[in-house]
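Next, two complexes with chain A in common: one pairs it with chain B, the other with chain C.
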Partner chain A sequence: MYGRHPVLRLLIVCVLAFLLAPILVVIGVSFNPTSAFRIPIGAVSMRWYARFFATPTFRDALFLVSLPVALAASALATVIGSLAAIGLVRARIAARGAFESVFMLPLLIPSILLGAAMYLVSVSLGFRTNFLTLVLGHMLLGIPYVIRVVGSALVAIDPRLEEAARSLGCTPVQAFLRVVVPNLRSSILSGATFAFIVSFSDINLALFVAGPETTTLPIQIYSQIFWEGDPTIAAASTVQIIIVGTLILLMQKIFKIRVGL
Partner chain B sequence: MLAQDIALELKSVTKIYKGSVTVGPIDLAVRQGEFFSLLGPSGCGKSTTLRCIAGFETPTSGSILLGGERLDAKPAHRRDLGLVFQNHALFPHLTVAGNVGFGLALRKVGAGEITRRVARTLELVGLAGCGARMPSQLSGGQQQRVALARSLILEPPLLLLDEPLSSLDLKLRQQMRDELRGLQRTLGQTTVFVTHDQTEALAMSDRIAVLSNGRIEQVGTPREIYGAPATRFVANFIGESNTLAATVEGIRDEVATLRLPAGQLLRARLPAGTTRRVGEAVWAIVRPENLTIQPAENSQDDPTRLAGTLDTVSYLGEDIHVRLRVPGLDPLLASMKATRRAEVALAVPKIEIGIDACAVVVLAR
Partner chain C sequence: MPALSSSLPGEAIAAYPPWIPGWVWLIGPYLLVLIGVLVLPLANVAAISVFTHDPRAFWSARLTGANYARLLDPYYVQVLVRTLRIGLITTVACAALGFPVAYWLARCSRRVVTIGLFLIVMPMMVSTVIRSFGWMVLLGRTGVINVASEALGLGRWLTIMNTEAAVVIALVQICLPLLVLPTMAAIEKVPVSLEEAASNLGAGAITVFRRVLIPLAAPGLASGALLVFVVAISVVVTPALMGGRSNRMLGNEIYDQVITAMNWPFASAMAIVLIAVVLALLGLSLAAGRALARRSVRGA
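Now for the complex of A and B:
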């Protein structure tokens, strides 16, 4: 109904174009047979993808740093974030609002400042920035997303489900594990996906807390823009887009099965 | 009531919340196999009482006994009571069979046994063969049956129903009402039913406790509650009634003569054992269906017939509802079957109202 109005249709098209155009340009450039930054007309080539996978700095940034860091950071963020969400929603704590604000801080502080702060803390404590600091930093970024997604799902679960379970013989803990947790599963997975994407595409924090041996893919792309600037970085970006896109599609597929629509 | 007949007993149960909401003291005894309703408007304490029995609220004082044993000392999960909610509260991640078998699985009953008993219970509630479906694929009525089956499969000594029919539409509600009652009778299942719907309570219950402001107003069979309300609240909450302020003018042979404010007289048969004094201020309560209407005949001079006029007449198909004006009184409500005779009586504007002395309930004012 609203979407039928021509002006609104035009607006929708403009918004979509604005969102998609840069991504399409990047993908286009990555298939360019020449080293110019332009969308190929006619011939396409995979040479920049070949270059990407042949270059150790790119390959390692993806397979040895970005992917493992994102996996570890999102796993940690999911566990901590889910537990925090349960605590924030269910526990009878006095300063609930204060706790929630603290957990949400990474969303409010510019991540470049957060990165700088973490760097200063690490240095003053005598740590070297390395894989671990990167994982911890990204975990911090992911936690608020997990809390938000899992928390709102938890609030939406009818407390009568647990009461029904208890009337059937469940202790409060059993009722939570057997009735609440299974119904949170898709929210936990979706929170984990968010956390993974946040880590996988972060550059601000990584600039500070990544060590010399832990260059993430976004940092590698960023530094390459200054040095060489051939379409390998477009290929690298496209690889990144494909990974994130596949993940989201996969999750939606799983959710659909779970939700039963 | 013999002690061994009593299934559930509440002794001076109170629940005091911080603030002003207070329930109790509630004293109740529910018989073995009885369908017992807690009826009252929202906020009357019926749900709190049910939640105290279920174990989700702890009474501030008093005790709850089931089969003579203290129930209130046990946590909710060891009370082994059946509980059905208004919104069904089915586990959305489990199939129908998974929901119904939940309690048995928790008790480590073998898989074969669970399958057998789930199938039998689903058949009992009329859902044979639906075990593999998900709750979201069922209609409201079917979900309600699954919720019922989930409780009944454990053969609970007491089944608690918290407004289980309120989420269903009217037709289905009436059908489920009969089904639920039939099932309860067949199984001899002791049941406590919470509702705000007086029709539901009257139609289904063996006995009803009417609650208001956290206290029990009256306990009795539907007939007693409707025909002989113990308080003004009960008279007005259950069905329609006309409440008239009156003074006792005289008593003779257990029939009291009451004088209404504008001087008219009304006769009321007092139940055996009631004591009313001459001169006492009372309420006279009359149900609309106990008013009879005739065209006014000037020749007749019966002081117990009230002269009045028709205000509004509403035809409701089967019934006619009439609002009457009588000098000195609030408008009276009368209802009658929509017969030819009734229509003749209602065709003239000036009428006489007759009230059967046996149908007048007298309460202290």
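Now for the complex of A and C:
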């Protein structure tokens, strides 16, 4: 009832400005014609984008590491997470609540610890961390998001639809596959998108697990900040921001999913 | 745990298709992943944390408490205290800023909520390194704010970089959505009529928030606060970029010991301490949730 209170509105505007400030600043700097980290006033330039796509380290980090890793991690997370969500909601298992808590663990265990733990294991076993280590780690981080989205959609489906299908002659499995799964499609796609973004944006796990041949875009950005690189960093960041923003819009507009945690 | 539990309608649907004896095939793959990628590697860390550091082979299997004892060194005590302090300040700041936003999202129209959620979720999903970089560009000595201020003839007055405050500012921005989203879901379940009833009985806006909304949304607020704290005490990139040499957090020490110093046993001991803090808080929040549920049942 206080949703339109002027004090609340002022506060909301300030908090949203605070949330968006660092992102808008990065986007601004990426169009700066000079090599200073400034927001351009007047002339804008695309030179840092040209530099981004012309620099092999940046280009490879995006096209050969970040995108393929995120696609693979998201595909695996979607399959494993959707199955787990169906099992969690539909199977008759004891201690459902306990399973549920355990299933959400990757959200609560700090991802730097997962990264460090995976790094120690792979070096102990005698191989360097590689593409697969990164995919496995990112897959683990993405699964809880898939379970959340698919699980809550599954709970919301009217059981009478399935009853109707079965009374018309479907076997239970047919009823599930032909009635329930099509209704889950947009949720599964949203789960996949979430898992993709989680992998694509991750830095904490990659910090430990990414090797010289598997430098993801966030890692490349991080090391360039340390080497005090030029605004190509801002262009690379803006590319990241645009991809993430587009995917979230996609979930909202096409999949009609209420994005959230 | 947050989220799903509240939305599961329990046994009515769960028991409905009696044809899934193969639940193993459904949750089995994920259980294998959890064991292989999460449990075993962490158990390995726990084991290494009580082994002896050996510069030639990372560690040798002689039991020792030295790695944990080294954490009592004043330097590491200071790092641990600083980490917990930054986590606490970040959590409180996120709760103070996030609760009004969550209320606004829970009570606004469907059209506005789509835009509002985009503005909250998009920053949440952008890599934390990019957001920290944005703060560096904004707050730096020759950053956007100082340059603008100089152009207005006010000079470069902002000298916040490489302080704990800079780390906290960046962390609040990183963590805020994690608090807003669960809190929003909790407030949505509170009927507006309760606010109206309290208001009709003479409560002002502050009283309605303090006596009605905050207690009823407490479970969501608590699970959001837990997420914020866990993320805030386990960052590496943000303190490295915003805090300089003198504001290092536990994550920075773990990173250096694993990657640079290669003292795995000591790094493992620090990792175990971090996990212990997280699990203790998780247990505490579960117990608090159960106590709260019992009290509300008795009250009803």
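A few notes on this one:
Operating definition for what follows: the second predicted complex is superposed on the first by the 249 of 261 C-alpha atoms of A that agree within 3 Å, B and C clash if a C-alpha of one lies under 4 Å from a C-alpha of the other, contacts with A are read in each partner's own complex, and residues count from 1 in each chain.
As a convention for this text, contacts are C-beta pairs under 8 Å (C-beta built on N, C-alpha and C of every residue); 3 or more make two chains touch, one makes a residue touch a chain.
These figures come from a predicted structure and were not determined experimentally.
Look at chain A after the overlay: chain B and chain C fit there side by side.
Using CA centres, the angle subtended at chain A by chain B and chain C is 90 degrees, rounded to a multiple of 10. Shared-chain residue A:P182: touches chain B; no touch with chain C.
The larger set of touched chain A residues comes from C, when the choice is between chain B and chain C.
By the touch criterion stated above, A:A117 is placed in contact with chain C alone, chain B being left untouched. In the superposition on chain A, A:A165 contacts chain B only, with no contact to chain C.
Think of it this way: put the two complexes on top of each other by chain A, and the tightest Cα contact between chain B and chain C is 8 Å.
Chain A residues 172, 175, 260 lie at the interface with chain B in one structure and with chain C in the other.
Against chain A, in their complex, chain B makes its touches with residues 54-56, 75-83, 85, 87, 89-93, 102-103, 106-107, 134, 136-137, 147, 150-151, 154, 160. Listing the residues of chain A that touch chain B in their complex gives 158, 160-161, 163-172, 174-175, 178-179, 182-183, 185, 260.
Interface of chain C with chain A (complex): residues 1-5, 7-9, 13-20, 23, 25-27, 29-30, 33-34, 37-38, 40-42, 44-45, 48, 58, 97-98, 100-101, 103-104, 107-108, 113-114, 117-123, 125-138, 140, 142-144, 147, 170, 172-173, 176-178, 181-182, 184-185, 192, 195-196, 199, 205, 208, 226-227, 230-231, 233-237, 241, 251, 254-255, 258-259, 264, 267-268, 271, 274-275, 278, 282, 286.
Considering their complex, residues 1-3, 5, 8, 11-12, 15-16, 18-26, 29, 36-39, 79-81, 83-84, 86-93, 96-97, 99-114, 116-121, 123-124, 136-137, 139-140, 143, 147-148, 151-152, 155-156, 159, 162, 172-173, 175-176, 197-198, 200-204, 207-208, 217-218, 221-222, 225, 233-234, 237, 240-241, 244-245, 248-249, 252, 258-261 of chain A touch chain C.
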